[in-house]
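The structure follows.
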Amino acid sequence: MAIFVDDSTKVVVQGITGRDGGFHTREMIAYGTDVVAGVTPGRGGQVFDDKVPVYDSVAEAVEKHGANTSVIFVPPFGAAGAVFEAADAGCKLVVCITEGVPTVDMVKVMPFLKERGVRLIGPNCPGLLAPGIAKLGILPASIVKDGPVGLVSRSGTLTYEVVYQLTAAGLGQSTCLGIGGDPVIGTNFLDAIEAFNADPKTEAFVMIGEIGGDAEERAAEYIKAHVKKPVVAFIAGQTAPPGKRMGHAGAIVSGGSGTAAEKIKALEAAGIPVAERPLDIVPKLQEIWKR
Amino acid sequence: MAIFVDDSTKVVVQGITGRDGGFHTREMIAYGTDVVAGVTPGRGGQVFDDKVPVYDSVAEAVEKHGANTSVIFVPPFGAAGAVFEAADAGCKLVVCITEGVPTVDMVKVMPFLKERGVRLIGPNCPGLLAPGIAKLGILPASIVKDGPVGLVSRSGTLTYEVVYQLTAAGLGQSTCLGIGGDPVIGTNFLDAIEAFNADPKTEAFVMIGEIGGDAEERAAEYIKAHVKKPVVAFIAGQTAPPGKRMGHAGAIVSGGSGTAAEKIKALEAAGIPVAERPLDIVPKLQEIWKR
Amino acid sequence: MNIHEYQAKEIFTAYGLPVPGGKVAGAVDEAVALAEEYGLPVMVKSQVLTGGRGKAGGVKFCESMDDVRTAADAILGMDIKGHTVHKVLITPAVDIDSEFYIGMLIDRNTKRVLLMASAEGGVEIEQVAKDTPELIFKHAIDPRFGLLDHEALGMGLKLVPDDIKKARQLGATMQKLYRAFVGADASLAEINPFIFTPTGEGHAIDAKVNLDDNALFRHPGYEDLRDLAAEDRSERKARVAGLSFVKLEGNVGCLVNGAGLAMATMDLVKYYGGQPANFLDIGGSSNPEKVVNALTIILEDPEVKAILFNIFGGITRCDDVAKGIIKATESMDITVPIVVRLTGTNETEGRALLAKTDLHPAETMDEAVQKAIELAG
Amino acid sequence: MNIHEYQAKEIFTAYGLPVPGGKVAGAVDEAVALAEEYGLPVMVKSQVLTGGRGKAGGVKFCESMDDVRTAADAILGMDIKGHTVHKVLITPAVDIDSEFYIGMLIDRNTKRVLLMASAEGGVEIEQVAKDTPELIFKHAIDPRFGLLDHEALGMGLKLVPDDIKKARQLGATMQKLYRAFVGADASLAEINPFIFTPTGEGHAIDAKVNLDDNALFRHPGYEDLRDLAAEDRSERKARVAGLSFVKLEGNVGCLVNGAGLAMATMDLVKYYGGQPANFLDIGGSSNPEKVVNALTIILEDPEVKAILFNIFGGITRCDDVAKGIIKATESMDITVPIVVRLTGTNETEGRALLAKTDLHPAETMDEAVQKAIELAG
């Protein structure tokens, strides 16, 4: 078990013939992900790496191969269009890796997804890796290990850092999920936490937040009210100056709100231990888990 | 029984303080319709005719009086906005009398209604009169009579003409419905016929079409396949020249299609008698009804 | 409201559609001057509000200035299906490699704007629709999301399956056409043909737009697009007076409230062997002035030998109509007989008012129609 | 991207919002000339990318030309929260009867554009939000239907319950502001205050717009709105090079891939008693040239005494990063010590490449940070 994916996950990669799309498609396949097709308009009829058929549209990939999940590696100007296409074609899970998507585009796409019951992960995210099941995106497979810990994060590489430490400590993962650093994202902390809470394989989980917005505060409330599993949190950006966008479009302290201090306070008030350093996450988790 | 209305129908009139809105509100009340409130932005707090409280918004009328139906008498530029408002406030039936509403506005409003499960009648229509139950719109109450015949029409005054003759012949009506003469309307022939077919009170019905579009042809197919009740049709505009809009925005023969001849042919092919003159409708109905 | 090709192209240009340059000329010298401005070859295209201009000789390809002069001279003043050509569009001629049809209209059944596209461009689309409907691709556009990228590109790829660049151009053109359609409140918008040159440039070579009369109030500038010369004089008067009026060839003038009843009245005149002189809907309002205007317009037609009022009062009250008729007949010198039939809201009051006049009353529609035909002789 | 008031007003004007006239001046004489053009009284308003201009004396009401001269002279060159005033906006002063706040921003929770409006206009809205949140009305706009008439009017009526005309003006302003927000790809758009004059005319007196950096590619003209003088020199260089960079005050230069890891690295430098010199995310791409650019920018800061690379390879491959670091160090004359920590995709290849250099390797983030602080001294 894992969250959001299972053995029936069949992947179509949008932008498969691009540099990053191609590289990571190979990585996904190497991990054992069932990549059934690729899409690049104008390249229909080609075969990627002599293995994966390429089509002009997601609809063809769905029709001919039963793709139900899309992973998107297209440039920012086409990314929202790619999400619309995947959802319209019937994919029920869409993972958008692309960074730099205009926010208004994501605002427009959201109700389209809701109407069709489609889950979006991202954009501007590393995607999801469910050890032993599937790798959807760019999380490096070498660092994961199958196990009982869930991980959800707004970051990319910081996620890898924590996964690396979990694995080094012998704590395997049920699902590692990067939800993305943009202000408007498909799957947020609440969705992920709800799923981890319901997932029987996940025994404990880690949440990695950062400055900007109040998703961590909302997650804290939810965890306090509904979650019995052990949770440890980390918040990046304690030293970030206000009013400056820290890389991620969503990582900004504006009008005095969205600070790391506020988030840490809310998490601690909800009884969730917050690690001071990434290095402290694993010991904190072990401490409260006491298994 | 009747179609689309019943004893629980509580009406809010949008544009109640206008000339036509006021006149017809009085007529509706005189007929016994449960008009619970009126709306004219900026007139909130007034009382219409010392009887009907006026509000600034439909939401207030719904909240304070349980209005579930709106009848709209606002000018064309505000009509679509009034439909949006009524639907958003929770009215489940909206009757838009206004003539001259831009078609693109109605195109925009349609999915909003669909999402909320709202039935729209019109625009550019006389509304609905269910003898003994409610009068929603401008159909003259003096000419109707309670009884078993349903009537659905794209026209206004031509509808009255036929109702008048039905009543004169002793044939009362279950519901008289004018669906409106615009190209894009909320409730069309199919919807009305489906409802009449299901309504136990309606024993037979009359359908009054006109040139433009193919709604009559579609209705003919439906009737042939699903309707056992006696039906007589009439089509106006046999002498209308092609390419000219005959008053109604939707009454135009364009690209050689939408002619009265085509419609009559399709109806007759479906076994539905088509009256040559309005005067022939009642005798034709009596003939096939043989009750 | 139908507008000319050159006007449709102005709207298209405002929405970023690729339209080749072009200007209209009302005289031969002007046409030649424009051709010199653009450089040869050019097209000389009659601007009339009807189709079939090409077949009628109203569109000419010109390789020399003599050609332009000859073509403009022949086309200006030409009659095409009853429309006189007052203006020609001079536009640079482009080499055509392939032609497409792209059109949009209001679809009554889906209640959406319907995109239609075909690789059978440059011919009459109605004929394609009849003979080979499978060659026309259709997509009803969801107004909430507009024409999405993958929908537009998918449509483009149906037209040119093996040329992604052209498919993208076609798709982008469809998206712009949709914005133009909605932005201008069109009821029909067509590019036929959309062409590619041998070097792959796309151009909207011909343009047709019908505007929604109901939406003109929010486009005050569009009133200037109306071709008053192409409009029947009495139809124009009626429009200005806010009346729905269509001129016909008969001798029974009809004044009816409601479009459906007006059509049924015309049909009934024909049924009883008469000929209606017009369609006229005095509308849902009951302004007596409207009745005066309506009578004035109808009486301008010397063919009219009798007048038939057929009024069933709903939103229009019969007493108001009666007052209007009386006011009109009192203020005018009317020599033709007038048959009046009033039924509906306030009919008693209305009839009481009329009783004191020398109008011919009628109780039913059939009686009124027969009486009017008889009086028209 | 933050833009100036006068630029925001240009965007507002393009979307039909009621903005009083106004032009910017960079010199006192220019300011006076503009005041003469508009006629007295005028406002002289500093154009700086920060709030609190009024409190700082950067906004003056001027009734005479002497006032204008004095105000322009005082304000031009003024420092407001670290921002030097290079331009003043001269705009006709209007009589104010009532003031409102109208703003929109991207709401992360509803995933929509959030309209906020208050009758408490002309003051700091953050303060209103803290003290009397019930005085701010909010509505999350459904992108499928836009801000509907009844929603806008309803919001207007909340601000002025007894004045339908003003409520309509406020509502129409909100609808135009929404179109401007979406059309310009804003992340924030505020009118504070929107005012009515005693005769009931509405004006957007002050304007604030932040543009979505991610959407600048589709507004090529907006690049001209960027105030290069107000931007930190190294931040500008980083932006041009496609790097996410924020200048800080410390001595440990940080090059990190990924924004979250970069923030965590800064936090860790602080945790171990050091001071980060910057935030720098070299991004998801692995172009060695980017590393060169990043190093160049960081090394321009004389405060930087050590450099810390913290790279965890996912989409960025460690071998590419290693190549970039080697290329950079070979081509540059670098005197400060460089600590490099590489983990993730192709980490073995990356470390193998680095092994031949004199860079300081580190296995973990904590080790790398401690070593860099130590080397920075």
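Letters are used for the chains, namely A, B, C and D, taken in the order the chains are written, and counting of residues starts over at 1 for each.
Keep this in mind: a residue touches a chain if its C-beta (ideal position, glycine included) is under 8 Å from a C-beta of that chain, and two chains touch if they have at least 3 such contacts.
These numbers were taken from a predicted model, which means no experiment stands behind them.
> Using mean CA coordinates as chain centres, what's the subunit A-subunit D distance in Å?
27
> In angstrom, rounded to a whole number, how far apart do the mean CA points of subunit A and subunit B lie?
Comparing mean C-alpha positions, subunit B is 52 Å from subunit A.
> Hey, how far is the Cα centre of subunit B from the one of subunit D, in Å?
Distance between chain centres, rounded to whole Å: 55 Å.
> Can you list the subunit A residues in contact with two or more other chains?
108, 111 - these are the residues of subunit A that touch more than one other chain.
> Which residue numbers or ranges of subunit C touch two or more of the other chains?
144-145
> Name the graph shape formed by the protein chains and their touching pairs; answer line, ring, star, complete or other.
Here the contact pattern is something else, fitting no line, ring, star or complete shape.
> Chain pairs in touch?
A-C, A-D, B-C, B-D, C-D
> Hey, which residues of subunit D end up touching subunit A in the complex?
106, 108-109, 111-113, 126, 142-144, 182, 185, 187, 212-215, 217-218, 244, 246, 248, 256-264, 266-271, 276, 279, 281, 283-284, 311-316, 343-345, 364-366
> For subunit C, which residues are in contact with subunit D within the complex?
144-145
> Hey, which residues of subunit B end up touching subunit D in the complex?
41-42, 56-59, 78, 81-82, 84-85, 88, 108, 111-112
> Within their complex, state which residues of subunit A touch subunit D.
20, 24, 76-77, 97, 99-108, 110-111, 126, 138-140, 142-143, 153-161, 164, 181, 183-184, 208, 210-211, 213-215, 218, 234, 236-241, 244-251, 255-256, 260, 276-279
> Which part of subunit C faces subunit A closely enough to touch in the complex?
144-145, 148-151, 153-154, 157, 164-165, 167-168
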